[in-house]
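What follows is subunit A paired twice: with subunit B in the first complex and subunit C in the second.
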Partner chain A sequence: MLTYILFALVIGSVYALLAQSLMLSWGLAGLVNLGLAGFFAVGAYASAMLTTWGHAPIPLGVAAAMLAGGLVGLVVCFSTLRLRDDYLAIVTLGFAEIVRLVASNEVWLTGGTDGISGIPVLVPRDAGIWFHAGSLAIIAAAVAAVYLLLRRLLRSPWGRSLRAIREDQTVASVAGKSIVRFKAQAFSLAAAIAGVAGAFYGHYTSYVAPDLFQPLITIYIFLAVTAGGNARPAGAVIGAYLLVAFLEATRFIAELAPGVSAVQAASLREIVVGLGLVLVLSFRPDGLLPERSQKAPAL
Partner chain B sequence: MFYAQLIVNGLVQGLIVGLAALAVTLVFGVARFANAATGDTMTFGAYAALIGHKATGSLVVAGGAAVGATALLSLTVYALVFRKLAGRSVVALLVTSIGVGFLLRSVLGIVFGHNQQLFTVPLVRPIRFNGLIINPFDLQLAAVAAVALVGVFLVLYATPIGRRMRAVADNRELALVSGIRPERVMIALWLLVGAVTGVAGMMLGMKTIVSPELGWEMLLPAFAAAILGGIGSPVGAVLAGLLLGVAQELSTPFVGFTYKLSISFVVLLLVLLVRPRGLFGRLEGVR
Partner chain C sequence: MQAQELRGPRAPAYPLLVENVRLSFAGLKALDGASFHVTPGIVTGLIGPNGAGKTTMFNVISGLYRADAGSISFMGQGIERMSPHQISRLGLVRTFQIARGFPKLTVFEHLMVYGARQPGEKLLTAVFGSTEARQREAELSEKALAVAARLRLSHVIDNKVTDLSGGQKKLLEIGRALMAEPRMILFDEPAAGVNPTLAEEIGDQLLSLAEEGLTVLLIEHDMALIERICRRVIVMAQGRTLAEGSFEDVRSNAEVQDAYLGGRR
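Up next is the complex of A and B:
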């Protein structure tokens, strides 16, 4: 049971990293990333390939995942930064599908649908419960690090400019802010965070395959971020853990309810997730923790 | 001759993409957001047609069921969800539509199960024409698409409500000041969009296999065609859809069957880089 709780917490922490990535691009910069699962996959594969096939140490793999996520993010957002924000969303939507296509078909590069197994883990697996506890400690530390970084960025002039751009591009550009550069930086950083999440995921489960990166994950994270509050790092983190708690709780309820098959239960859970997303966006778009308006610094 | 055959095959696929893109572009033009629920609404249309067809065995009834049920669904979604969100950012609406689509997909999954289902249509001998093989069933589908397109363009360009719709798409404030009631325009829009999506879904279901994921996979080509045609341009959407359908078929000998979908993505990126307003769009809508 303790193992199970630790497992759920690790997954929650990975989701918390993804949620913070989405919070940065969507909540702060207004750039919707519908391809979150794609960047998650890029990071997971980058680190898995480097550490499993290249025998590189794990920290190097995680760094490579961050770099790969950030670079791919830059390339993806490059074509649409001068256009309306929803064009980027459409491109990222396609991007995630393409990542899955490439991962499933380019067997020489990614191992195809079999995926990559035997990825080195963070803590030796034979440590029993300490394997889960140790992994949790490392990934939770990453969540905390990203949280502190984002909070710092949010209060910095950079974060203020980003929100100014989100609110009114014309005013921001009149004030001398380079909109394209700020957006590219924010999106790329967010993609890098998603890449790190992917790397940790791979190093915990020691297995990556194209099927693990379904658009479903993106929907989950959107629900977590909208429910928690999409413009505050704390909201995103809380939302992610709440989401995992909810997903796991429904698993138990489904087991208790008679006459509901596992497949039906999964579908029912998806219905609740979809409904939740639509309801939160309709009735409480600010989430649990609404954005605080910052006072202008004293002159 | 091989390529000519591919073009013929691509045309039917292209009509489906074109209809889906038409639905996307109408919503984008009038309600001003990219409706990511379009694909899953198509799936709904395919299931509605399937039920109609199974119950009666008549393709006409199937078509009627698809158009009627999907138009009703589309209006319901507008009334329950999108109406409340009017005036929020385009991005909020887009995310909501993703949620709506996901909800729809999972409801269809639980109602109909994840088994793939087929339309049982009688086999007919293909027509040979100068060495080209043409399936008469494809001709029927093309005729259905043509009728649907004529219907939509008649509504848009020959009725008062169509004129109002185009006025709202053109300049919302000016349209409101001139006394156009936005609510009525929106109701007509969503009914029309639902009907088009239903026809597209039925055609897609008849060409392939009906499953809850059917329409989701169509979303990217639909968006790509809508943008290639120029957002908000109905004619552009249909032409771009045809182009994309043909391009997808023509690409298969080179990139293989699995990467057919990536053609849409490449086209999408190229258009956005080179000519973001598309073939027939206007520049103002893009930035």
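Up next is the complex of A and C:
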């Protein structure tokens, strides 16, 4: 049971990294980024390849995942500069699918649908419960580091300008802000964070394969960020852990419902997840932690 | 004002010089060779019937549209190929006809976003922090409070803009432009849709800005306001400049009467 809880917490922490990535690109910069799973995959593969095949140490793999995520983010950002809202969403969704298809088909590069197994882990696997606890400590530390970074950025003039661009980019450009620079920085940094999440995921499960990076992950993270508050790092983190808790809890609740088959129970679970989101949005449309504004100093 | 010290050694005679600007949208000639200049330190009015191309002219000057032909220079520097943020940073700032803004930001945040030269807007400075960024932030917030007080927005400074009245939104448009350390402001109907008392007050604000050394170009339909505050008036019609001069000169100009006032009196 303890192993199971620790496992859920590790997954929650990986999701918390992804949620913070989305908080930055979507919540602060207003870029509807449905390509999150793609950046997650790029990071996971970058680190897995480097450490498994290249025998590089894990920290180097994580750094490479960050770099790969950031660079791919920059490319996606510059190729979609003129797109907004729905159009950006469609193109980024396409990007994530392309990443998955390339990973499945370019066998020489990625190992194809077999994926990459035997990825080095953060803590020796024979440490039993300490394998999970140690991995959790490392990944949770990454969550905390990203949280501190984003909180700092959000409170800075950089974050203020980014929020202004999200609201009206024409007015923001008249206010003297270079829209391209801010968007590129935010998008690329967000993609780098998603890349780090991917690297840690691989180094925990020691296995990556194209199937793990379905668009459903992106949708789940959107749920988490929407529920927690899409313009607050703390909201994103809380939303991610709540999402995992909720997903796991519904697993048991669905089983308790009398007279339903296993397949029906699985569908019931999705229904409950959807219902949960509807309820949060009806009672707290801005999420559990709404956006905070900078107060004027008292005279 | 910072205006004087920023002006180069070869200070041009006219802060803004527009020459033969053309712009068409799918065959419709919105600007058809408009040319005019603006004199420093006074309020200049830009008037003309609806569809004359006044707001389009503002959009071209501020870099939101790119002209098909013609040249625009600000303080002697060609700006017709610059992007909006570069033009704003030169000190040429515009306001919008329909008060636009950032719905989820407060009045204070609006003013701060318009604050010029904040090093904390660089990503690395934002991460690591710097004394300059902190000092600049303190300066800007002091200035924001002063601007809010001047425009009587102090009591709503922490309110979201969506909570403001129409008149307060118009005042905030002016306040934002002031935060950008402008050398010249383009006002697009700053008094449209507000009550007469407030319109008069806005007129007084513009006059006092000009007295402080700022150059002001103003699009306005309220002729009483134009007559009261504009020492020079430029008339546009059908994408061209029709006449320039004092309000009296322009009013007695037969062509202007034809185009604008709907026939000779």
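Simple rule for what comes next: the second predicted complex is superposed on the first by the 266 of 299 C-alpha atoms of A that agree within 3 Å, B and C clash if a C-alpha of one lies under 4 Å from a C-alpha of the other, contacts with A are read in each partner's own complex, and residues count from 1 in each chain.
Here, a residue touches a chain if its C-beta (ideal position, glycine included) is under 8 Å from a C-beta of that chain, and two chains touch if they have at least 3 such contacts.
Just so we're clear, the structure is a prediction, and the values are computed from it rather than from any experiment.
**Q** If you stack the two complexes on chain A, which partner ends up touching A:Q185: first (subunit B), second (subunit C), both, or neither?
**A** A:Q185: touches subunit C, not subunit B.
**Q** Counting only touches as set out at the top, which of subunit B and subunit C does A:G111 meet: first, second, both, neither?
**A** So A:G111 meets neither subunit B nor subunit C here.
**Q** Output check: A:S173 vs subunit B and subunit C. Expected answer is one of first, second, both, neither. What do you get?
**A** Only subunit C; A:S173 stays clear of subunit B.
**Q** Between subunit B (first) and subunit C (second), which does A:R163 come into contact with in this model arrangement: first, second, both, or neither?
**A** After superposition on chain A, A:R163 lies in contact with subunit C alone.
**Q** Between subunit B (first) and subunit C (second), which does A:G287 come into contact with in this model arrangement: first, second, both, or neither?
**A** Neither subunit B nor subunit C is touched by A:G287.
**Q** Of the two partners subunit B and subunit C, which one touches more residues belonging to subunit A?
**A** B
**Q** Considering only the touch criterion stated at the top, classify A:L153 as touching first (subunit B), second (subunit C), both, or neither.
**A** After superposing on A, A:L153 lies in contact with subunit C but is clear of subunit B.
**Q** If you lay the two complexes on top of each other, which residues of subunit A touch subunit B in one and subunit C in the other?
**A** none
**Q** Applying the document's contact rule, which stretches of subunit A touch subunit B when the two form their complex?
**A** On the subunit A side, the touching residues are 26, 30, 32, 34, 79-80, 82-87, 89-91, 93-95, 97-98, 101, 104-105, 215, 219, 222-223, 226, 263-264, 267-268, 270-271, 273-275, 277-278, 281-282, 285.
**Q** Subunit C touches which residues of subunit A in the complex?
**A** By the definition above, subunit A touches subunit C via 149, 152-153, 156-161, 163-164, 166-168, 170-179, 185, 189, 291, 293-297, 299.
**Q** Which residues of subunit C touch subunit A once you look at their complex with the stated criterion?
**A** Contact set of subunit C toward subunit A: 62-64, 83-85, 88-89, 93-94, 96, 100-106, 108-109, 112-116, 118, 120-123, 125-127, 129, 133, 137, 141, 144-145, 148, 157-158, 160, 176, 180.
**Q** Please name which positions on subunit B make contact with subunit A in the complex.
**A** Listed in rising order, the residues are 33-34, 36, 81, 84-85, 88-92, 94-96, 98-100, 102-107, 109-110, 114, 216, 219-220, 223-224, 227, 258-259, 261-262, 264-265, 268-269, 272-273, 276, 286-287.
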